[in-house]
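Chain IDs A, B, C and D follow the sequence of writing; residue 1 opens each chain.
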Amino acid sequence: MTKPRDPQRPAKKAVERSTLPPLREAKWRTALTCIEPNKILMRGYPLDEIMGRLTFGESIYLLLMGDVPSPAIGSLMEAILVSFIDHGITPPSTLAARNTATTGAPLRACVAAGVLGFGRYHGGDIESCMQFLDSGLELVRRGTSYQDAAAVIVARCQELGEPIPGFGHRFHTRDPRAARLFQMALELEVEGNHVQMIRAVEMVVGALPDGHALPVNIDGAIAAVCGDIGIPPEIANALFIISRVPGITAQAQEERQREHPMRQIDPKDHVYDGAAQRRLPDKRR
Amino acid sequence: MTKPRDPQRPAKKAVERSTLPPLREAKWRTALTCIEPNKILMRGYPLDEIMGRLTFGESIYLLLMGDVPSPAIGSLMEAILVSFIDHGITPPSTLAARNTATTGAPLRACVAAGVLGFGRYHGGDIESCMQFLDSGLELVRRGTSYQDAAAVIVARCQELGEPIPGFGHRFHTRDPRAARLFQMALELEVEGNHVQMIRAVEMVVGALPDGHALPVNIDGAIAAVCGDIGIPPEIANALFIISRVPGITAQAQEERQREHPMRQIDPKDHVYDGAAQRRLPDKRR
Amino acid sequence: MTKPRDPQRPAKKAVERSTLPPLREAKWRTALTCIEPNKILMRGYPLDEIMGRLTFGESIYLLLMGDVPSPAIGSLMEAILVSFIDHGITPPSTLAARNTATTGAPLRACVAAGVLGFGRYHGGDIESCMQFLDSGLELVRRGTSYQDAAAVIVARCQELGEPIPGFGHRFHTRDPRAARLFQMALELEVEGNHVQMIRAVEMVVGALPDGHALPVNIDGAIAAVCGDIGIPPEIANALFIISRVPGITAQAQEERQREHPMRQIDPKDHVYDGAAQRRLPDKRR
Amino acid sequence: MTKPRDPQRPAKKAVERSTLPPLREAKWRTALTCIEPNKILMRGYPLDEIMGRLTFGESIYLLLMGDVPSPAIGSLMEAILVSFIDHGITPPSTLAARNTATTGAPLRACVAAGVLGFGRYHGGDIESCMQFLDSGLELVRRGTSYQDAAAVIVARCQELGEPIPGFGHRFHTRDPRAARLFQMALELEVEGNHVQMIRAVEMVVGALPDGHALPVNIDGAIAAVCGDIGIPPEIANALFIISRVPGITAQAQEERQREHPMRQIDPKDHVYDGAAQRRLPDKRR
């Protein structure tokens, strides 16, 4: 995000306005959606023409980035959005939504409570990983090799006692979503220097004493792929929020339907009783 | 949603528990997503297998409804989600998100504030329209014609001085999204008695003195189509929340990027400066 | 709250507007606080004059009700606000706030998540209890005795299988806050027919088979006292929100300070390690 | 707030736990409120004893700080809380709450949306002003005079192009609340080095070219007074949230009662129609 203007300096703005035509207040502007009677244009395209022609995932890209994605980027967008759609009952954001649901609050209140839990330690890693990879690529542009650049930026984190952005997971020692996303980026031929950078970091981290317990996680994979397909950090951040909303909604809905109200929710005290592991229908493979 | 159990009657539950094996507390259950080390199963399918094989829209259906949608229902899901994705700067939920953004709040706080604005008068119409159509279909099941049933349920609204759910719009006299959704339902051959019912209501409403100003709106179209493809009211309600989150996110993001902080946001005082009207690329038609 | 106007009838409004002076749009109005350069009037009183002369509790009454409270009503306002200020870590709203805090979210996001948990089953009982007592008082106005009226309205709840509003508590068999509030209302001589009504209901409930487990709770006591001092249900509802915000804030703050981030919060797995029971300083008694 | 522990290092914690007695999971701890059957102890005091003996403002101090305030500090707490209680319809947080209210959302959703608008540019100034004053006092401790220290820290802000924390207001050139709070701190004899520091900054700022337009605002006054009575920045931040909730609640309630739903709220298009300016009753002066 560009740095907002200083709110304490209205003087300059008043001067700017004095050059406008008289009797006309400057209007504020939006470039997203144009509403006229019986017409809705999103980024210039009639919304009713988009319906049935672009998927929801492609439309999200269009809305946030301003243009229809290429087929390859569209496929990656879908995969990124799907990868985060739900992670069971354990994320604190999901528990905030369920604790709100158990009070009898309406669904939208539960979803809002869940979204508020996308804090610094939960989902916020994508943006910091993009900055982390960019700091490595800056070194590469100045002539350092990927491997050396990776060693430098990992060492910086360790000196500051900070976690390495995009690495490590509370539950997984190998994040299946990250592996799949890298594979797709390779097959769709959109891999670029961000993926190359995170691969170099992966090797450096793997050689650390505890490195085997710090796999590339889905935040890291998304950060690298978003970097390579030109999605800026603040949009990647927006994608995380959008992608997890269905999961939070479904979890809150399940709480409302299956449990009695005002219960004490212990996250460790649950069991999965849904469908057993199965394969997608043939046509979908 | 099933009616929650009475929170004032713990006695019965205690009795039920006494039949459980000793030393084991009853666990609570979830059927959505199973998390094991290095494995994430959503509704039984490995999430990494879903990535690249189902779209985000199809995955949302899978998560909420429990099964992979048929191609026809999948296409309608995408269209329903796209239809609500954004409606410019005028919805109060969007203005709540922008007013939050102008204070310098993080993106997730803006999104949460926007989601809270999906109140009774904004988005809540889908659920009430589904109940309205069902009350007409109940009469049809008892032998009344669609036309007579429509006249009865419209008259009920008028006697109570209540608006007719799914009809009328603040800006549009013909909602292009509703027309497109009905067309898709027809082409995909999923039209059923709910669409027939809303068509009958449309004729009754059109014959009212001010009826020409009350077109079927997108809430009504979604209510009818969801009814015909077996999506229950509470899930249709969830779809509305999910579908508008990208729009709220994009609007809050634009506020943060283009405007100075702590401004006074007048919704009537804006102008659209985005892409001019254009057609989708040939391949997407 | 007065019923909102029907949003589907703009026609009448357009006609009304045509009688306004030309070229002037009707302005919308507020009666709460007047802001002029270097002057802030709340309900007509300069805010800087209120500072140091009215307490926060009295100022809340002034803001919501429009006038400075009498000393007796001011004292009850403080007691009502204090009675709800915190209830430990177990309310789901508090757990929603703590689950948000553990993600690293800012304090205001945690507070918002907590406030969203004041749902139908948590805090919402004040408003329904006021309606419940009013339904009994309606019978009294028509000549029924308090005792008979109480029996009638309790029987209605039982027939519908609904809990009796204002009675029963998850933890307490005698709510010390309710007892204290009734005592204060008596001493301050503001007891009226709502307290008399809830006392009659208390006797009827106490004679039920399980009635000893259903004491008057703090929601019931506040409902009765608010009814007697002229606070309408929607303002009583607002008082609940205001009164619990400090508790939610303190709980979220403690979570941020004492616990490590992204932990799994089990409400049953905690212990109190604060100050031992003590008496207020002599001057405060 | 203390820096949260690194979420990527569970190893150390596991080691710590191994020293605990076997078969006992470590419990998490809270020092705020102890709940036992029929007993509620807040910071050690029975809540029913607090009712009627401490005001809501004093109870907030007790809950957040752990002890009953002295009479002087109690009076300042009330004044601080009152000073922020409402600021008319113009703050973006208030407009977020009103935009949520106009959708028909319940009161608690409106309050949550408003609280989310206490962003970096709105209310967040108290914490940064406390840090700003502390950086000046650090220089004073090393031997610099107050006047020179003030000049240094103001110059730092100007070099960075940042606003001076605690100075300037969108509407007021002299903030009446700030003046009153300083007067009370003087009369109650709690003035200390933070007030002395902000007074020195005020003189430096007043001598700047545009300095007359940058008065000490209420954020600055609260920051200085909180510093002098020992309230840490994170608690001062909490006080701001708590103090404005009544205003947001009242504004949302007024929107629900006086306006029709789904209206377009233009903040510049309103008029005050409440009580004319008046004096407090004699007994309250």
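Just so it is clear, contacts are C-beta pairs under 8 Å (C-beta built on N, C-alpha and C of every residue); 3 or more make two chains touch, one makes a residue touch a chain.
Just so we're clear, the structure is a prediction, and the values are computed from it rather than from any experiment.
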Q. Shared interface numbers for chain C and chain D above half of all numbers used, same, or below, different?
A. same
Q.
Taking each chain's centre as the mean of its C-alpha atoms, which one ends up farthest from the centre of chain B?
A. D
Q) Quick one: chain B and chain C, Cα centre-to-centre, how many Å? A) 32
Q. Taking each chain's centre as the mean position of its Cα atoms, how many Å separate chain C from chain D?
A. 23
Q.
How many angstrom lie between the centres of chain A and chain C, each centre taken as the mean Cα position?
A. 39
Q: Could you check chain B for residues that touch two or more other chains and list them?
A: 4, 7, 90, 104-106, 108-109, 112-113, 116, 118-119, 121, 170, 261-263, 265-266, 269
**Q.** Residue ranges of chain D in contact with chain B within the complex
**A.** 90, 92-93, 95-97, 99-100, 102-106, 109-110, 112-113, 116-122, 124, 170, 261-269
Q: Within their complex, state which residues of chain B touch chain A.
A: 1-2, 4-5, 7, 13, 25, 27-35, 37-57, 59-60, 63-64, 66, 68, 75, 77-79, 81-83, 85-90, 104, 107-109, 111-113, 115-116, 118-119, 171-177, 179-181, 184, 234-235, 237-238, 241-243, 245-247, 249-251, 253-254, 256-263, 265-266, 269-281, 284-285
(Q) List the residues on chain D that touch chain A in their complex, please. (A) 4, 6-11, 105-106, 108-109, 112, 116, 121, 161-164, 167-168, 170, 210, 214
